[in-house]
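First chain A sits with chain B, and in the next complex the same chain sits with chain C.
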Partner chain A sequence: MKAVSKRVVVLLSLLAVVVSTALAVSLVARLEAPASIRDLGKYYIANTRRDTSSPEAVTAIVWDYRGLDTIYETLVLYMAIMGGLAISTIARKVALKTRVGLTSITRTGTRIITLLIATIAFSIALHGHLTPGGGFPGGSALAITAMLIIPVYTLQSLLDYGVTSTRLVATRGLALTGLGLVAILPVIRGLEAVTNLRFYPSHVAGMLISGSLWFYNFFEFLAVASGFAAVALYLSIPEELYREEIERG
Partner chain B sequence: MSEVIATLILLTVALLLSVVFVYYTITEKDLLKAAVFSAGQSICYAILLHAMAAPDIAMTYLAVSVGLYSALLVFVISKTERYEA
Partner chain C sequence: MEGFVYALFIVVLVVNALMGIYGIVFRRSLVKKLISLTILSDTVFVAIILVGFVFKHPVVPPVYSGVEGEEKFLLEHASDPLPQALVLTGIVIGLAVNALIAFGIIQIYRLTGTTDAKKAIRVLVEEVMEE
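And now, the complex of A and B:
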């Protein structure tokens, strides 16, 4: 009881510090963002539609105005995931004990939720040039389905469906190759890399794809989803298998 | 005007609630509960980002910090002990 009351006292004093700091910053110091940065925002709002044919300014900035930044960012994430997988790989084929998953109520619920998450993930990614979202949030949302299936249906069932780590890593490699190709293709017509509308069409079959933005979103979606799913697969390998592997040398 | 005030109240509540969640995450000895509190803090931040008209960031933040990050923490806790000594 005494520990609980001490916790509450600390928490209340913490909240008091937060509130008083917020009041001090806004009322006494009067810190405000300089008005000059608004011009940058106004430029993007006024010109995004003309420059990139996308109504979504954030996706346009991420993949068009600052496209090269994002491509290097994707590379960094790729290196990080590959590094993580490299130290956690078990070279030999491991025989997983097929354990039973959770109860049928959980299984049915997970089946419905997984379908919903996957649908939303695809719509976030493939609509990324029209509505908020894009490749990265869509891919992370799709990877969550793998993280739901593994505890509920066991890892073995996912492997039986053909979702193996080798295939996921291969998908990731292919998707990143596609991403690089989309960025480099304009060079063959003498344009600079990461060119958008001067090389890619803004509409395909009457549908707005905003040039290269749709392709970037699609490949990023595949890369992020397969990368995070591969991480989940490796993390769910039981610890005993790793211990055996270390003892074998 | 009333819309602005409502947004401000939402911001204040979400911000203070996130402080509460962070404090409970740090002091909790049951690591699984701590992971849940951490997810609660992430939800507060997602509300903040959405209230400040940044739906793109809110979406990414939700997927990564509520979904992936929490799942990652649960996987990692399953490899070690659940209770902090």
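And now, the complex of A and C:
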């Protein structure tokens, strides 16, 4: 009881300090919120449709204006996950063979929710050049399904479905190869790497795909989803170990 | 009023960042250090977003929806796309590095049987001494 009240006092005093400091700063220093964005941002908003044929300025910056940066950033992501998997394979425990999971209500609910999450993840990724979103948010959303299935259906059932970490890492490698190909392909016609509209068409069969942006989003979606699902598989503790601990008392 | 909200935002971010730094430096549990690191990095991301944010009533994303004469409205009301793109990149890197650190912590736990930084170092040093 005493610990709780002490915690409340600390929280309230912190709140009071924060609010009073903000009040003092806004009154004494006359801090004004900025009324307009910088000229660089205005340039991107004004020219994104002409330069990249994408109505979504953020995706245009990520994959076209600063496309080369993002390619290398994907490389960093790849190296970090590979490093993590390399560390974790040093002392790998045996995979569990139990299928316990949670109750049937949770299972049915998870089945529906997983389907919805997967659908939304695809729409976030494949519509990334038109609406907010893109390959990375979509891929993270799809990887969430793996993180949801593991506690509800157990790790073993996911492995039984054929979703093994080896396959996920292989998918990841294929997707990154595709990403690299999309970036390098313009070189064969004498253009520099990560060229967008001068090499790729802006429309396919009457649908706006904004040149290479759609392909980048798609491959990044696959790479991120399989990479983080692999991380989830490696990080999840085999249920067998829990059982041993419980039986030991 | 807008100035106050802006100042409140900045003060909250500073306090949050200080809390993250406190956790990284003074907490002995490696897991809590990792949590503090994510708090600190997310605070920095929100600060970067705040740099390109416009406090004008209809706050809209920098996305064209296909209406006529939309460009003038977006130039006045949309938030800056560049900080958002940078933060998107930063989140990806941050998540990957956090995963790497999490793997490292698990590995330290497997080797030494503890996630306490000082105890883990003591166990490792003793093992080296024995060899």
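Keep this in mind: the second predicted complex is superposed on the first by the 221 of 249 C-alpha atoms of A that agree within 3 Å, B and C clash if a C-alpha of one lies under 4 Å from a C-alpha of the other, contacts with A are read in each partner's own complex, and residues count from 1 in each chain.
Heads up, the rule we're going with is that a contact is a pair of C-beta atoms (placed from the backbone, for glycine too) under 8 Å apart; a residue touches a chain by one contact, two chains touch by 3 or more.
Keep in mind that this is a model prediction, so the values were computed, not measured.
Peer 1: By residue count, which of the two partners contacts chain A more extensively, chain B or chain C?
Peer 2: Larger number of chain A residues touched: C.
Peer 1: Which holds for A:134: it touches chain B only (first), chain C only (second), both, or neither?
Peer 2: Touch partners of A:134: chain B and chain C.
Peer 1: A:204 in the overlay: touching chain B, chain C, both, or neither? Say first, second, both or neither.
Peer 2: Neither partner.
Peer 1: Does the superposition put A:23 against chain B (first), chain C (second), both, or neither?
Peer 2: In the superposed model, A:23 contacts chain C only, not chain B.
Peer 1: After superposition on the shared chain, which partner residues are touched by A:11: those of chain B (first), chain C (second), both, or neither?
Peer 2: First partner only.
Peer 1: Contact-wise, after the overlay, does A:31 reach chain B, chain C, both or neither (first, second, both, neither)?
Peer 2: Second partner only.
Peer 1: For A:184, select first, second, both or neither according to whether it touches chain B, chain C, the two together, or no partner.
Peer 2: Neither chain B nor chain C is touched by A:184.
Peer 1: First (chain B), second (chain C), both or neither: which does A:40 touch?
Peer 2: In the superposed model, A:40 contacts chain C only, not chain B.
Peer 1: Examine A:84 and indicate which partner it touches, taking first as chain B and second as chain C; both and neither are also allowed.
Peer 2: second
Peer 1: Should A:70 be classified as contacting the first partner (chain B), the second (chain C), both, or neither?
Peer 2: The answer is second: A:70 touches chain C but not chain B.
Peer 1: Let me check the overlay on chain A: which residues of chain A are in contact with chain B and also with chain C?
Peer 2: Shared contact residues on chain A (touching chain B in one complex, chain C in the other): 14, 18-19, 58, 132, 134, 136, 140, 228, 231, 235.
Peer 1: Please name which positions on chain A make contact with chain C in the complex.
Peer 2: Interface residues on the chain A side: 14, 18-19, 21-23, 25-26, 29-38, 40-42, 44-46, 48-49, 55-58, 60-62, 66, 69-70, 73-74, 76-77, 80-81, 83-85, 87-88, 90-91, 130-132, 134, 136, 140, 224, 228, 231, 234-235.
Peer 1: Which part of chain C faces chain A closely enough to touch in the complex?
Peer 2: Residues 2-8, 10-12, 15, 52-56, 61-66, 71, 74-76, 78-82, 84-85, 88-89, 91-93, 95-97, 99-100, 102-104, 106-107, 110-111 of chain C touch chain A in their complex.
Peer 1: Quick one: in the complex, what on chain B touches chain A?
Peer 2: 15-16, 19-20, 23, 27, 55-56, 58-60, 62-64, 67-68, 71-72, 75-76, 79
Peer 1: Sort out for me which residues of chain A touch chain B in the complex.
Peer 2: 7, 10-11, 14-15, 18-19, 58-59, 124, 132-134, 136-137, 140-141, 143-144, 147, 228, 231-232, 235-236, 239
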